[in-house]
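Look at the two complexes coming up: subunit A is in both, with subunit B in one and subunit C in the other.
Here is the complex of A and B:
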């Protein structure tokens, strides 16, 4: 049993972590409670802000009026992204890029993906299809097939290294070992690669990726870049690890691995949540609560045959019509109607349609965020996480 | 040009069964199939090896055929039949009189039945509705239609049968008023082949009229769409039927790692381009839940629909039309075999082959009921544990398919498509429905030089669309979560586009 936290953040994904770090960075006592590792571990690790246009921040003006970005505003978004960048550099996982300019990275299918901030290991991933580069692949690697890329990028070629293991996480773990890295570097040098750039699936270590990345680049005299892979994604795991460390460094507490068991409410205030854990339940008391449980994939929202529910507080959730209009027929038509589902909030990120005073909502559980349609995933999570933390703090300080 | 004695059009269970029977009786033949084996109603049914119980009341003749064939297939096809047994359950409110008629009907036909008390039935299938009134046990089994077709084809290939999959028959060649051959177009290269034969058999099921029309003929069939849903695990280890007149949503069949629940019956005009309506899913799920209460909370991983080619009769609806079959002699060398069921495929093939033998004036007995299906020795059978020999390099985690298995099938002659691998290995048929392993399988196909990267991209794209079409009517709950994850992988991480 702990004394009440200044704020309890439910959800350990990017928005929840950014909210927690923002508050902890200003001396607040915070706790993050999470069912488990968040969905950002499955992501490319890149921070998409808004795919449309050259300057993602300018594009925000043309988003529909209910999009959560409007609650933060251009300046707020830019500040939040810079805060994120500062945090990640401190954790040894620097991000490169300009918040006012979109950039591209190569995907495992040989396509270019528009994003904004990228891990330094992907800095040189913006190849155009006619540029020459050399792919270093791994023997029988389960989730990476270089021919998908070489068929689209006509001047690319590949070589295959036998790591003795075929999974993404397994190969990444090998790179944590200095001896393995020595062998790999010697092999690359022996290939006498002509191309200016070297591409590698994103397996260059888990914790030490910076060192691995820079060593390969320096010893081979080539510009190296990682290509994001299918889950489990190393850049996604690194991103999550960095944020978690940043929070712990700021003396935030984390409660991991339990589901939310029950919510205690008194009048218009939430007082505590109880988590189920292995063998015992943990009660976490807070003065304010921030809901950052994400959308359907992470379980913040849940759909039944004909409705959408919010899973922790049973907040009123917006959803578009009946099930037959939730999805379009075309799989590739990004932007299915169901993406609009979520919690509607006021200008201070408090949920609409409820009496609760001390609850704030951020991240993709917000209604109208339409992350796939606008390709604004991590950017929206960072911006609303920081913004919700600020309004939460404002409300708290005023009390 | 290919010359042969008998041309079989259609690679469903009937066509494959005829190929085996002809092979065993020493008749040269060539089978032409526009896709892969079992891509029509054969592969889109519920995989039930009928005991005959379902037809015992209204269609005793079909029921008798089913019961006899059920017994034969259990004997000859051990590796594609799972002896699950089946129950007909009577719930509160279901007519007791129908139960009496049912038992009487089974008695007349000779179907073995056993009356079970509710507690005995619950011992056998704990997931049953505990308020059931009673259950009747019948020898229903579950059958793998893909395997069944492959094994029949093995007998044909061993004896020199020509098998042309991914070939569409574009024309029937007629000379002096007789059908003497066909032209067929290869799907990928569009190369055209001419095949000449003395007899042409139209075994194309729901597509029977399209083929008969090429020779100016027609067949008397009615098309009825039946939709099904797939659960993410086995809720029951026995087939569960509702003890009442045939109706929507009255059956749940365990099949490998999943259960299939259905069906509906909706008249359709065109066998191509059918889909499942969300309302059908709701009907099936609601009905199945009455028999198996857990069904309501079970994740549905896919829906699909097949088209039943029923022998036409006047003024009857799809449920009451006989499930019997007919052989139609068009009088010009073309024969059509229509109607029937997966369960009676062997009998249909036997009768069709008898007809061929009569035309040729040959007397060789049918042996397909006695000889076990060939090629079963190489199959693993059902227990998943048997597939765990090589834990490394598993490509499809849901169905435990290894890289070796994919590479072996990819290397076989005739493997052109992702579907060919799926049907032969069960890759992508489990809970994630190919979300992860398809990308891998196509990567391996490229590596093996079985297809160009462009072809594999086109196939991946088509696969994702087809998969989505099957999943969309049942998107809620955990399956919606899964789907959004798959969407974020293909459209987000890989940034895959619709057209190149």
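Here is the complex of A and C:
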């Protein structure tokens, strides 16, 4: 099997990318197979580790015993988060924050969100509702209404700049152009803003956000921060772009495409997957496989009337019983039972209840992760992605 | 296929990936132009959306979509419907027939090459709605079509028919003949039968009938060879996408599926030969810093980046993969005056990413990418197959 990759990672989200980067960073040949772009593109770009309490790592001790965090452990989680930070800095998208302390960022609804690591552009986003700050918005910008914020933070004010385009993606693209940035900076300076902090919806460039952000801060002499917006969310796209480029830089391969068409299995080994493509289906062989397909929204899990299925390997999925057991009117209520659904794994991240030897599972497809309840999404993805990659690698070196 | 649009959950990831949307406010983006508007379209109603032509068919939205919606295909169907019922400009009619433009220009190559850069010709073309922002490609008298007498070695076990495409035929026949020599040196019997345009330019310019005519003719030729045990090889990624996807899909050609299932990208084919241990890889070192711009249609093929995998085997070659930008030219799209702004803005953006890598050479598979980015970046351009030929010391077999 000359063509086989050391590991094939199914799912190009945070968890899959982190697993792939970990392996590629140690000289393994890896391929990431992704059906479309991942859900992290819609996120705020912030890394939530565990919202409860001051210190997210300490808080892990109080999680129920089946939570995937326990498989990684406090030190493992801290190491994985630092690895993530290093990777993102290399890609020019540094993250600030302390893995031992939660922090807050202002949202576009004028509330605060608890998170742990934030892109540098949101470093100063932890405003107090009684603090005064100035919002710079854009004329007729879609899905961003500074009035939401000013109505909740009474000492805040806003002004709007006409970018000539009203969409998040469009304005972010404008900031990639130096001439536009000059005009914008001149306009901001002309406003003679009194407040100590300046908030801007997260449109400060798509790739060069660091340069744009620092220039505005330096020229205005104020502490500037971005407010995460509704999708298309630039910080989410930057996060995905950063991870993807980090993988390509480490010689990892990527297959964007129509998802998994079929799986080839021999005894207790998965040998290859074929990808739905136009024309012929592409076959990708691997010595090991890592499943990082995410939960329901990402398509890793699928629910029927009376069961929950795993969509790629048809692994036995845990779910909290029939619909009448878990049904609840409020889907977003913290602690919806269906959030527990997913794949149960052993200490080496291999799925329980199957014979398959060379498959490892990470990310929100894991059972009992309850991402919305504990607000641990990206942190859990990073921690389990790195941990699954390490046990996968351990399995090889032993062979 | 016709009901794919109902799978859209309006997540906007297609919009975030659309190159046209971010620079042209007149285009509402793939979500609105595709699945959203599709709900209100019917064959009985007139096609009224003028902006439908602004889509360049780069297919980035389809690669990004996690739900299999295929916005670009929905838009393409509407573009052809619009084309059938509305006046098509001179430029559109001309570019639908790039095949004939190429053939005629090649016959008069010395005259065409002399006159095309002249101010007078540019002014005239400009009057007809053709953009002169980037130089026209050079035409060659000795087209690939003139190599039809070539007979590969009958001793080879592997047999392939080379589908070279219009751009290689009239504008870069040396690359085409290089591919032929490369394959011959690897022990593949290559035949180069008479063939016509793949049909993509006609399809992209709203002329479904012409596209079908071309496709039918090619299918007759290629299917005949496939029946005799030949594989079809393409290097132009857009021709490849047309053969594998449009022939059995929107063009609805009877034997289209056969062509689709037996067509290979050149580099994918070489990797296959290596996997089957038909050839050994003895690559000589090349000390060079390469920026590899991934064409949008290579991403859409869902086969990964096979040329990049071959480059990894060449000692000393330092490859930087750039896959975030569309070159903006998109075949004949950027040669239309109405799209000039979009095309040059995107081209400049992509060139910036290339120059940031500071490469010795720019490598890309697609003819349009080569034209646009070679001009915008000023970096010398070559085809991936030229790198392989140099590393494998393939000699030139003449015309």
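Simple rule for what comes next: the second predicted complex is superposed on the first by the 389 of 399 C-alpha atoms of A that agree within 3 Å, B and C clash if a C-alpha of one lies under 4 Å from a C-alpha of the other, contacts with A are read in each partner's own complex, and residues count from 1 in each chain.
Quick note on the criterion: a contact is a pair of C-beta atoms (placed from the backbone, for glycine too) under 8 Å apart; a residue touches a chain by one contact, two chains touch by 3 or more.
This structure is a prediction, so every number in the text was calculated from the model and none was measured.
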Query raised in the report: First (subunit B), second (subunit C), both or neither: which does A:205 touch?
Result: neither
Query - Partner chain in contact with A:323 - subunit B first, subunit C second, else both or neither - result: first
Query raised in the report: Taking the superposition as given, does A:231 touch the first partner, subunit B, the second, subunit C, both, or neither?
Result: both
Requested in this report: Tell me which partner A:151 touches in the superposition: subunit B (first), subunit C (second), both or neither.
Outcome: first
**Report entry** Touching partner for A:375 - first (subunit B), second (subunit C), both, neither
**Finding:** first
Query raised in the report: With the two structures laid over each other on chain A, which partner does A:299 touch: subunit B (first), subunit C (second), both, or neither?
Result: both
Report task. Look at A:42 in the shared chain and tell me whether it touches subunit B only, subunit C only, both, or neither; answer first, second, both or neither. Result -> both
Query raised in the report: Touching A:332 in the superposition: subunit B (first), subunit C (second), both, neither?
Result: first
Requested in this report: Mind working out whether A:108 is in touch with subunit B, subunit C, both or neither, as first, second, both or neither?
Outcome: first
Query - Set intersection of subunit A contacts, subunit C complex versus subunit B complex - result: 39, 42, 166, 231, 299
Query - Residue ranges of subunit A touching subunit B (in the complex, touch as defined) - result: 39, 42-44, 107-109, 111-113, 140, 142-145, 147-148, 150-152, 166, 228-231, 233, 295-297, 299, 302-305, 323-324, 326-327, 329-334, 338, 372, 375, 377
Report summary line: In the complex, subunit B touches subunit A at residues 278, 282, 285, 392-393, 395, 403, 436, 439-440, 442-444, 446-447, 452-454, 456-457, 461, 464-465, 467-469, 472, 475-477, 480-481, 484-485, 487-498
Query raised in the report: Residues of subunit C touching subunit A in their complex?
Result: 11-13, 15-18, 21-23, 25, 29, 63-68, 241, 243-245, 248-249, 260-263, 271, 274-275, 277, 299-305, 308-309, 312, 321, 323-324, 349, 353
Query raised in the report: Tell me, which parts of subunit A touch subunit C in their complex?
Result: 2-3, 31, 35-39, 41-42, 164-167, 169-170, 172-173, 176, 207, 231-232, 237, 241, 245, 248, 251, 253-259, 275-280, 282, 284, 298-299
